[in-house]
Every structure is written in C-alpha cells, then in structure tokens.
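Shared chain: subunit A. Partners: subunit B in the first complex, subunit C in the second.
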Partner chain A sequence: MKPATLWRIGLVVALMLLLEGLCLTGFIDKLTMQPPHVMVADIVHMLVSGSLNAAIAKTLGNSAIAFGLAMIIGVAGAIGIHRFKAVRETLDPLFATYYAIPIFAFYPLLIILFGLGDAPEIFIGTMLGVVGVIVSTMNGLDRVPRVLLKTAQISGFGTLETAWRITLPYAAPYILSGAKLAVAYSLIGIIGAEFIMSSSGMGYEISFAYNNFDNATMYPLIILVLVVAGTLNAGLARWEKVLMIRRGLA
Partner chain B sequence: MNSSSFRSLRNGAALILIILACWQGLYWMVGDVALRSPLQTVLFTAKLLASDSFWPHVAETATAFAVALVLSVVIGLAIGFALGINRFANEVFEPMLVTAYSIPKITLYPILLLMFGLGISAKIAFGTIHGVIPVALFTISAVRNIRPVLVKSGRVIGLGPFDMVTRVLLPAAMPEIFAGLRIGFSLTLIGTLLGEMFASQRGIGFLLMNAIGLHNIDVIMALTFLLTLFAGAASTFLLYLNRRLQSPT
Partner chain C sequence: MNMAITNVAQVSLRGVDKVFTRPGKAAEPIHALGPIDLELRRGEFFAVVGPSGCGKSTLLELIAGLSTASRGEVAFEGRPIAGKIPEGVGVVFQEDASFPWLSVVDNIAFGLRRMNLAKGEREARIERALAMMGLGPFARSFPAQLSGGMRQRVCIARTLVTEPRLILLDEPFAALDQQTRLLMGDEVLNLWRKTGATIFLITHALDEATMLADRIGVMSARPGRLIDIVETGWPKDRDSRIVQEERFGAITARLWGFLREESIKAIGKPGAGGAGGKP
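Moving on, here comes the complex of A and B:
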C-alpha cells in the first residue's frame, strides 16, 4: 500500500479515536454526539431490525429513478443539441450559469405543481443531474474524430446507428464523468428534498430524528447516506479511470 | 463591440425570451392554482421589494452568505496553497476532499445545528462547508499547474513563503483559482439557502418555506424569481471576469 494511503487511514482512525475520547470524557455532551462505537452498534441494530428499510429503499429507489432519467434525458438531449449549432449556442449561457442557480429554491414551486410526494423529489434530482450529463456528453461528442463519422457515412449508417455504434461508445469515458455527477446530484436532490419537506425517506427520517433528539437513529442514518454516496462515487471514479487508461487519456 | 460579444449578447437575449415564453405557456396550461405569469411575478416582486418587513430577511441571508463566502475563500485558499505546494500532503488529503465534495452535505446539517445551535452561525457553517471544497480543489490544481520556472526564479531571488504566495503563486494561478471561486460562490449561496430552508426563523429560505405552508404562490414565485435573477446575474458577471482573466488582451 502507498504511504499516502496508510497516512490517510491512520488520520481517519486517529480522528475517530479523538472523537471517541471527547465523547467518553463528556467534552462533547451526549445530546450533541454519541461516541463512534455506539454509532456503529446503532447502525448494526438499525439494519438488522429493519425498522427503516422502507425509508432506505424509497430514497435509494427514487435516487435511482432520478439518475436513470437524468442519464436518458441528458444523453438524448446532448445528441439532439449537438446536431444543431444554433440551439447549442443559444443554450450555452444557460449551461454556464445553471449550477449557480439554487435549484432547491424551485422545490416549493414543484410541491405546489405536483403535490407532496415522490414526483417533486425525483424532478429535483433529475433537474440537478441532467445538465451535468448534457455538458459532459457534448464534451465527448465534440471529440469524436471526423474519420469515424465519415466511415459511418460510407457504411450507410443512419443517425441512430451512428450514435449507437460510433459516437456514444467513443464518448463513453466522458459520459461516465457525467454519470458520476448525476449519481452525486440525484442523491443530493432526493435527500435534500426529503429533508426540506416530505413525509418519508431517509432525509425525512434524519430530520424527524433531529427534531426528537433521537441521536440513536440520526447518526446511523447520516453515516449510511455518507457511506452509500462515497462508495458509489469511488466505484464510478475507479471505472472512469480504467476507461481513461484504456484510451490512453490518463 | 466586436462580433463575438455581440453574438453572446444575442444568445443571452434569445435564451431569456425562450424561458419567458415557456413560463407564460406553462402558466396558461396550469393556471392560477399553482403558478403566476411572468408579468404578475414581476409586479409582485416590486411590491415585495417595497415592503418594510422583507428587508430584515434579506439582510439576514446576505450577512450569512457574505460571512460564509469570506470564510470559504480564505480557508479554501489556505488549504489549496498548503496542499498545492506540498506534494505528499496533497496525496494524503486530496482524495478525502474529492469524496467530501460528492457527498450530500445536507445530511450533515443536523450535526452542525447541534454544534452551533439554531441561528446564523449554523447557516454560516453550512454555507462554508459547501463553498470551501471547490475553492480548495481548484486552488490545488492551479498551484500545481504553475510553470516551475516561475517558482524557481522566486527561490533564486530568495523570496520567503509569504512573498512567494503573494508575488508569484497567487498571480500565476489566478485564472484557475477564479474558476474555483465562481463555483464556491454559487455553492455557498446554495448552502446558505438550504440551511435557512431546513431550520430557521429568518432569512429568504425561511420565507420560502413559510410560503409553502401558507400556500402563498405570489411569494414563492417572487422569491424564486429574485434568487434566480441574483444567482444568474452574479454568475454571468463572474464568468465574464473569468474569461477576461484567462485571455488578457
């Protein structure tokens, strides 16, 4: 293992021990934070008893739907926009400023439009992710060599077949960077929306536990969210690296 | 005015027109139950801006945002320069920063509330943890991309660490750092507003949440419109500065 990795693990362990010490000596009081070993025990207890399985399944399911929608709409949209230069030039300022706009501010409006439920949450998750996917996919499409497109023309491929067999495979590493964004954003969108206002899901359970000083539920759920998000992201990053190395890009 | 800036102006105008048309179309479809037309929204926004009870909330949000932004930039630059200069420390910490960037930070908000208590300091802390990471990550990459000859010249002249940062590293890395500042700006704003939306008694985020409870569509539309306008305008301005920094002519 590389020394940097060892150092990193060592630092995390040291931090945990420090927290453990601060909590056990009462420097951090019990209402604020429980000692880490209690949190771990609480996670095991929560997962074994299955008391929050419905909430976990709902949040992850909705995030998956939002992710899927963002990918489908994003890739299809990018292919469409890429073909028309004028459309792209008009939309460019939108893409440049999109992530500066607090999308969550639209959540109240979406609740009024769709009612409180899954629809506005999925809408927010998709909205957050889709532009990232569009921008990275177009970035990939820009790099497809002309010779490949000409080969497709000579072989008599139609638009769909060209996209399916030439441009999309070529742009795959770039689309994957977009997918990484979409995973992070769909989780942020769904959980954030549940947090602000909803009636079920992990975000809702965390805020409910917070309101009831129920640290035995709150901390395990928070850790679970962080672990799921971190793992998904690390997995995608590794896959992206493999693809990049295979292309000789990294 | 040269042709490229004319084109970008025309594109921006076309985009705004298209968005307004979509908005008006949606309003005709959905009706008064859930939406307001662009004209009604602008009129109500003007009324809101003229009312006295609105400004304390703006001041609250603006204060929290400003403090959080200053903290994000200062801490982010400090982390960025420390890790950008020290290769080994960067290898240890950068993966941690990247992971922290991608996690849904809103789940950490209850912990911050327990640590800081309800009030402006929790909002500031929440805005800061959103903004600090992109500033740090962009600064790291900016510092590492500085041409080595500049750093070597600095050493030859015998600059101390402080002079090195202010005279050599900062000016050389500025364009890329600025890109990070732009993202940090928007994320800090989003963080501050999210904090207000979840648990707060004052600020624009609180007004928005309050308006859902009262089903006050006028207020929701006006606030969303104001926030989008502010964020869009600020981002466009920063993007313009960024482009000027990158291509000094």
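Moving on, here comes the complex of A and C:
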C-alpha cells in the first residue's frame, strides 16, 4: 500500500476517533451528533429492519438512471460539439459558468413541465452530471493524435465508427474522470431535489429526520450516501488507473 | 506473393498539383506541390527525398487517397483515386500510430476488422505478421511497454496483415536512432522481398533512401516538383551492409548535389548557396 493511501486511511481513522471522543465526553451533545459507533449500529439496524429500503432503492435507482443519462448525453454531446468549432466556441463560456446556475430553483417549473413523480428529480440529477461529462470527454477528444484519425480514414471508417473504435477508446481515461464527477453530481441532484420537494427517497427521509431531531435516521442515511459515492468513485478511479498504467501514464 | 519488379505502372500521377487555400480573403493560396508526373512500377521500392516543407507527405497523402489533387490525376492500378482510399493500399506514418488501449495482437488484428475473413485465415495472417516483424514474444504487451522501434513494427504489422499491394511509408523511422534505423531498414527490405508489394517511401535521410530504394525521386523546394530520379541499381537481396559499397557514397553525394540548393531555398537563406552547386 502506498504511503499516501496509508496517510489517507490514518487521517480518516484519526478524525473518527476524535469525533468518537468528543461525543462520548459530551463535548458534542447527543442532540447534535451521535458517536460514530452508534451511527454504524444504526446503519446495520436500518438495513436489517428494511425500514428505509424503499427510500434507498428509489434514490439509488433514480441516481443510476440520472448517471446513465448524463453519460450517454454527455459523451454523445461532446462528440457533436467537438466536431463543430463554432458550436464549441459558443458553448465553452457557458460550460465554465454552468455550475453557478441554481438548478434547484427551477424545480417548480420542472414539476409543471414533467409533472409530479420521479422525472423532475432525474432531470435535475442528469443536468448536474452532464456538463462534467461533456467537458471531460472533449478534453480527451482534444488529445487524440491526428495520426490516429488518419489511420481511421485509411481504414475507411465513417464518423460513428471512428468515434466508437478510435476517439472514444483513446479518450476513455478522460471520460472516466467525467464519470466520477457525474456519480457525485447525479447523487447530489437526486437527493437535493428529494430534500426540497419530494415525499419519498433518501433526501426526503434525511430532511424529515433533520426537522424532527431524529439523528438515528439522519446520520446513517448521510453515511450511506457517502459510502455509495465513495465506493463508486474508488471503483471508477481504479479503472481509470488501470487504463493509465496500460498507456504508461501512471 | 513474391512478384518481380515489372514495367507495369501500378501508380501513375499525371500533371498533379496541390494548392492549399487559406482562410481569409486576403490570404494567398499556397502552391504546395507540382506539377508532378510519376509512375511507380509494380513491385519496386521507390523513395522520395526533398527539403523540409517541399510537399513529400502531401504527395503520399494524394496517393493514399487522404487528400485530393487540385489539378491532374492520380491513379492506382488504372483507377483514379480522387480522394477515395483505394483497396490494396497500406500506410505507415512517421508518428506512432499504435493504439495504446490495445495489446500488440489486437493492434495487428485491428487492420482486419473490416475484412470478412474466416477465423482461421484471420489468425494465420496475424501469426505471419507477428513472426515477420519479430513481435511474437510481445503479442500480449501494450504499446507503452515497447520501445519506439517496436511500436513502429506494430504499425507495420498492422498494415501487413491486410496484404496491401502498395505500401506507403511516411518517414517511418524518423524518430529512431541511427542503428535502429539501419536494422529497421533491413526488416523493411526483408518484408518487401517476402510480400512482393510496391513500396513508396518518404524520407529526409539520403542514406536511408540510397540503401533501401531501387529508384529515388528528388524533389525541389516548394512547390515540390521531381527534379531528378536516380536509379540505384542495387540487387534485390540487399541489406544494410550495402552502406559499405563505394557506389553508396557516390549515390548519396549525387542526391545531396541536387538537394543542397533546394534545401537552402527551403530554409530561406538564398545567399548561403554561393559556395556549392550541383556536381
């Protein structure tokens, strides 16, 4: 294991121990936060009892759909935008400022457009993830050597086949960087939307528990979100690293 | 396939010019090449030398169908190319064109993706290409694990599996050290003899052209025209030891005699030509 990894694990363990100590000594009162060992016990209890399984399944399912849509729309959009210089020059400044837009403020409008239900939440999750994917994919496409495009031409490939067989495989590590962003943003989008207006899902449950001082529900759900996002992110980072090692870049 | 050199023209260029237009109304178009008249004989090894920026690679791209001529006609086996990549032509570029995400064997197999070959024939071709380029022990390696010379061999093997009748080499050894270039030259001569394909080599190295080619076309500074074609007269079973021949130096000197003035023009120092001249 690399020293950096050991330091990272050590830092997390030290912070957990500190929090545990602060909670057990009463420096942080029980109404504000529970000790980490109680949070872990609550997660196990919550999962075993199945009391929030429907909410968890709804949120993770919708996040997966939003992530998938962000990836498909993002990669396809990047290929299209990359082909047309004028379109790119028009959109580049908008991408740079995109994350300053308070997209949750459009939730009422989205309900009018898409109706009640999961669609507005999935839309927000997708919209939050898609631009990260577009920007990362275009970054990868910019780096495809011209000689590989000539090779595609010599092989008689059209636009789609060139993208599928050459430019996208070349840009794969960069697309995975976009995927890491999309995982986090899709989860934030779905949970944030549920937090504001939904009547189900993990975001709603966290919000409800927060308003009712129900730490036994709120913290386990927050930790579960962290674990899911962290695990997916680590998996994608590992995949990205394997690709980089194959290319002699890591 | 092991054909002898014939007088049959496999590639012909008639009055070929290439002019590049530039964006902007005031920008003058660039006359990059021509007029060029040239015939490549089936099975020969033809090299082109010329000063930097004279249009050597443009000429190769016209023959490959990667670009279209502004005037004139380029034909392969009697059929006009006109910007359409002809079947039976393989290209090896100067830059590393190996696919970094594929293993050596998958890189080589890539050349066969669009050919509807039976599995047995496909595997046999890949095996032959691996053996011919000495890549067998590295079949499962990735390009990043290989040296520059071996990566270039992967690219040559990827071209060879398609069994092209015309192989275009665009300064394929430019990034390699001198010893590796000589050895790669031997390998190219070997595969030329084994495949019987016509080879068209673009190079800036006069010794490389002299060692490898049956005929060498000498190009002028831009717009590139053929100012001489030198016949080397080497036997077909030659290798890099030919550099020790007395005639090798004479041919290289003759090429330089033509090229010195043109190279001076190309780098924009008209006064520097006063001390020399054609032999």
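General observations
By our rule, the second predicted complex is superposed on the first by the 237 of 250 C-alpha atoms of A that agree within 3 Å, B and C clash if a C-alpha of one lies under 4 Å from a C-alpha of the other, contacts with A are read in each partner's own complex, and residues count from 1 in each chain.
Quick note on the criterion: a contact is a pair of C-beta atoms (placed from the backbone, for glycine too) under 8 Å apart; a residue touches a chain by one contact, two chains touch by 3 or more.
From a predicted model like this one, the values you see are computed outputs, not experimental measurements.
Taken together through their common subunit A, the two structures put subunit B and subunit C side by side without a clash. In the superposed model, A:Leu91 makes contact with subunit B only, not with subunit C.
Touch criterion met: A:Leu148 reaches subunit C, while subunit B stays clear of it.
Residue contacts after overlaying the shared chain place A:Met218 against subunit B, while subunit C stays out of touching range. In the superposition on chain A, A:Leu243 contacts subunit C only, with no contact to subunit B. Of the two partner chains placed around the shared chain by superposition, neither subunit B nor subunit C is touched by A:Thr25. Once the two complexes are laid over each other on the shared chain, residue contacts for A:Ser49 go to neither subunit B nor subunit C.
Once the two structures are overlaid on chain A, subunit A sits at the apex of an angle of 100° toward subunit B and subunit C, using CA centres and rounding to a multiple of 10. Judged by the number of subunit A residues each one touches, B leads among subunit B and subunit C. Across the superposed structures, the minimum distance from subunit B to subunit C, using CA atoms, reads 13 Å.
Looking at the complex, you find that subunit A touches subunit B at residues 2-4, 7-8, 11, 31-33, 89-94, 96-97, 99-109, 111-113, 180, 184, 187-188, 191-192, 195-197, 203, 206-207, 209-210, 218, 221-222, 225-226, 229-230, 233-234, 237. Residues of subunit C that touch subunit A in their complex: 64, 66, 85, 89-91, 93-97, 99-102, 110-111, 113-114, 142, 144-145.
Against subunit A, in their complex, subunit B makes its touches with residues 7-8, 11-12, 14-15, 18, 30, 34-35, 88, 91-93, 95-96, 98-99, 102-111, 113-115, 182-183, 185-186, 189-190, 193-194, 197-198, 208-209, 211-212, 215, 217, 220-221, 223-224, 227-228, 231-232, 234-236, 239. Subunit A makes touch with subunit C in their complex at residues 145-148, 150-151, 153-156, 165-166, 169-170, 172, 243, 246-249.
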